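This is the structure, below, for whatever I ask next.
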Amino acid sequence: MPTAEPTKPLENIRNSLVQVIPEAELLDRDYQECGYHLEVRLVMRGMRRMAREMKDRRFFLETITAVDFLEYFHLIYLFTTYNEASFRVMARVKLLPEVRPFSVWTIYPEAIWLEREVYDFFGIRFEGHPDLKRIINPDDVDYFPLLKNFGKTKFTTDIDDILC
Amino acid sequence: MNTPPSTFTQYLTEILTGSKSLVVGLWITLKRLFTRIVTVQYPRQKLTMTPNFRGHIEAIRFDDTKTHHCVACGLCARICPSHVIKVQGGKARAGALKYGHHYYIDFSKCSLCGLCVDFCPKQTLKFSNEYELVFYSRWDTVIDIMSRLEKSR
Amino acid sequence: MLNPKTIDDASIDQRVYQLNLGPQHPSTHGVMHLLVTLDGEVVLKVEPVIGYSHRGHEKMAENRTYEQFLPNPARMDYLSGMIFNHGYCMAVEKLCGIEVPRRAEYIRVITSELNRIASHFIGAMDYAMGLGAITPFLWGWDDREHILDLLEGITSYGRFGGVRNDITREFYDGTRRFIDRLRGRFWDYENLINQNIIFIKRSQDVGVITKEVALDYGVTGPTLRGSGVGYDVRKREPYSAYPEFTFEIPTREAGDCLARYQVRMAEMEQSLNIIEQALDHLPPGPIRAKVPRFVTPPEGDCYCAFESARGAVGFYIVSDGSRIPYRIKVRAPSFSNLFVLTEICPGHFLADVIAIFGSIDVTVPEIDR
Amino acid sequence: MNITQLPYLKDIYAFLGSDVMSGMVGLLIIAAIVPLNVAFLVLVERKVAGHIQLRPGPMEVGPHGILQTLIDAVKLLGKEMVTPQSTDKLIFFLAPIIVVAPAFVGFVPIPFSPMMQVKDVNVGILLIFAFSSISVISILMAGWSSNNKYSLIGAVRSVAQNVAYEIPLLLATMSVIIMTNTFKMGEIVQAQSSVWFIFYQPLAAMIFFIATTAETNRAPFDLVEAESELVSGFHTEYTGMRFSLFFLAEYTNMVIAAAMFTVLFLGGWYGPLFPGMIWFLIKTYFLIFVVMWARWTYPRIRFDQLMNFAWKVLIPFALVNLLLTAIVLKVV
């Protein structure tokens, strides 16, 4: 267990994260507005150090997901703790296409499947993943369905025109 | 005083409590054996549907016009997430109000979300109480709720 | 419990074989495939193969407005549809900053808790059926049918800013009657299943999830609370009207299948308490706030966590300021809970895999989305 | 001319009265009764299951569905008997036949009433045990030849289970045998004309009941077909009439087990008011009802627990019981 003061757990997390990943940009967010307390912005590297730190502080990995912004991806990791004072920390990794982020499966075994899901839908390949293959889509498909340029048919663009 | 029970007494008490639990289990099922059954023999017995049951949509007949109030604005067709609604309407003469003639819905694809009912500006849609939705062809599930309203008269 | 590591590597190729549990199998709820590697009846490895009921809800969300996505969340976890609907509405309201009337919050809580009981009935009784006791399953189905009748009576799909229908007199009386009826029946379930020596022998020390394993795999919900961690989103991040009710989060220390079953049964009683309090103090007032016909959230993102019958669900919504969500990600608790199987099953018997799988209580469409 | 004086008629009469003839007639009657009895029992099982689960069971064919199983039998007769390609064809074909034959033989020494008995074999009980062991082989044959992993697991479980439970079964029987000093079933019943043996030997009766439930693969010991794990165990690949032969054997074995319990512990045909036959049937069917009732109440035991239960609970208790019986008989 970390020797954290119970009164200021969020402060402690922030301070230790600053030490572990000095290149990160830490933003306090309003929980009522966006549902998480701390946002950690990273550019391409530092995720494994952060995951190690979060694991030491007894946070569990809620989910890994990605958002496609056409020129770049946001790879999003959400951490929450089982402890009485509940905090949600979001790590937002900005990722250029063709860049391979490091897998965190050695720290959180759950990440094996979460990363497979991200690969399955976005085509982001994780470095050091033991078994990176399709998980939900069939093995033989050659597309990544949640990319923004996938599946824009005439039908869907029409809906955009009608409703917006 | 508080000597831990030996393995042999544990063994015996386990057999005794276990047998007791088995007998209690039999007693519970025996009681249910003689209670009234809860199922209904469906085609012969039918349950009454609650008024809020969601079948496919249908048009409401209003007392003032003796028919529906649809003006064929097409809002329901646009909001429908599954795109299963098609409305056709027109004007009887120039200057008259637009009026819905046909209202097709393919309810085999309908997810009963109720957005069409909520979004209708004239409140002329509601859910029917139809639940026996069995047909021989997929085309039978495409119905015209306007002609259905005419027939029910 | 045997240790798979004691088996000599040289002879392993001749001894092991693979068994496909599913995709069509009596006790993999829905289309779920477990690829089990066995040595005799001892399990060496379990690999869940998923994706058979993938419908692409997350992609669907990117092609329709927030309102049009309303029916979808309930289809993800069809056993606790009301809870998902409640959660999705909350997420969008959080994004847009919509205030929900208190009466609507109460109605949402009542329907969510009723749905939680219905879902736990399936979870607990399906587990009993996996052990071979078919009768309690059908009794549970009977009780659950009463809940579905009640919910059908109000069909209170959540809408942004409130609920669609107000609760009726029949619903109010029917729920009261149902609470009394169910309280009278817990004795039967307790003695028929929970006290039964065969049931206890089958589930004690089977599939133990320790706190460490739970942390590794992000386990939540009753599956986690069976391991002695009192994590429940309803208490830790109070949402909706939950802070106004007194209820407990039942936990068990053992972490085995029996503990998970007991947590589910205890939670049903707590849900009854919540419903009773909500019915007692149902505030008057409107059931829906004034919201525009099409909600248009500002640019930004939000994560909204809530507790479904299977664990902590989260909707992560990214908005680009239009009427169509830019991205909706659903954190499915079943997804995380399922893969804990790979950790806890090895060393158990084949029959235990079914028991553990049943006790974790996953919904396949929620995993695949 | 008097017909009775014809010379060869004496031979015919002698033949008709002989053991061979009575045996043949008895077997024919058994062959006619057994399938009907099974049809009835399947209906009873479904009705018991239904009412325990708060539903009516079959209701469509005939009043309250009493013709349902007959219709099912007709349907099964009309079904195609599929033989999967990679099966061991000969064994696959033989297994359902071999499973039924011993079930029929088991009826031979059972005394339904003082007169109604095909043959009071002087080792009647051993005969039934000997023949019932054959059904294990056929289950193994079915499981092996199906070339299906589920079937094989079920078959292997079945062998271990039957071997383990035959020991307490025989030990419990032995404690009755040393009280009566005979293997003849008729004489065992006659020994109970005043007091039923269940009052002398309650422990042996319980062990016998549990062990026969396990021997006939009924719940909570139905690991062989365990539908929530093994789909339907050793008969997963069987269809049509072959499948129903396994069913036939299961229910017939159940009747034999219940009849043996009646003979050994419940005083056979003895009882007031009604004729012996009726009493025998009442006792037998009540026991079958208890077995069904237990099936729809309990979960299934796990494989290792089943073995533990046999070796660590039933066999020690049966041995102790046998020893006590022997001592008491010697002293008294």
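Labels A, B, C and D are assigned to the chains in the order they are written; within every chain, residues are numbered from 1.
Convention: contacts are C-beta pairs under 8 Å (C-beta built on N, C-alpha and C of every residue); 3 or more make two chains touch, one makes a residue touch a chain.
Computed from a prediction, not measured in an experiment: that's the story for all the values here.
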Chains in simultaneous contact with chain B and chain C: D
Chain pair with the higher count of C-beta pairs in contact (C-D, B-D): C-D
Furthest chain, CA centroid comparison against chain A: D
Centre-to-centre distance between chain D and chain B (centres being mean Cα positions), rounded to whole Å: 48
Centre-of-Cα separation between chain D and chain C, whole angstrom: 45
Chain centre separation (chain A, chain B; CA means) in Å: 39
Computed distance of Cα centres, chain C from chain A, in Å: 23
Per-residue overlap in chain B, given as positions that touch at least 2 other chains: 22, 25, 28-29, 32, 38
Multi-chain contact sites of chain A, meaning residues that touch two or more partners: 163
Touching two or more other chains - residue numbers and ranges from chain C: 64, 135, 139, 142, 192, 196, 198
Contact pairs between chains, per stated definition: A-C, B-C, B-D, C-D
Parts of chain D lying in touch with chain B, wherever the complex brings them together: 48, 50-56, 59, 293-294, 296-298, 313
Residue ranges of chain D touching chain C (in the complex, touch as defined): 49, 52-55, 149-150, 153, 219-220, 222-223, 226-229, 231, 296-305
Complex contact set, residues of chain C against chain D: 17, 19, 25-27, 41, 128-135, 138-139, 142, 192-193, 196, 198-199, 201-202, 349-352, 354
Touch list for chain B against partner chain C, complex: 14, 17-19, 21-22, 24-25, 28-29, 32, 38, 50, 52-54, 79-81, 111-115, 118-119
Residues of chain B defined as touching chain D within the complex: 15, 22, 25-26, 28-30, 32-39, 41
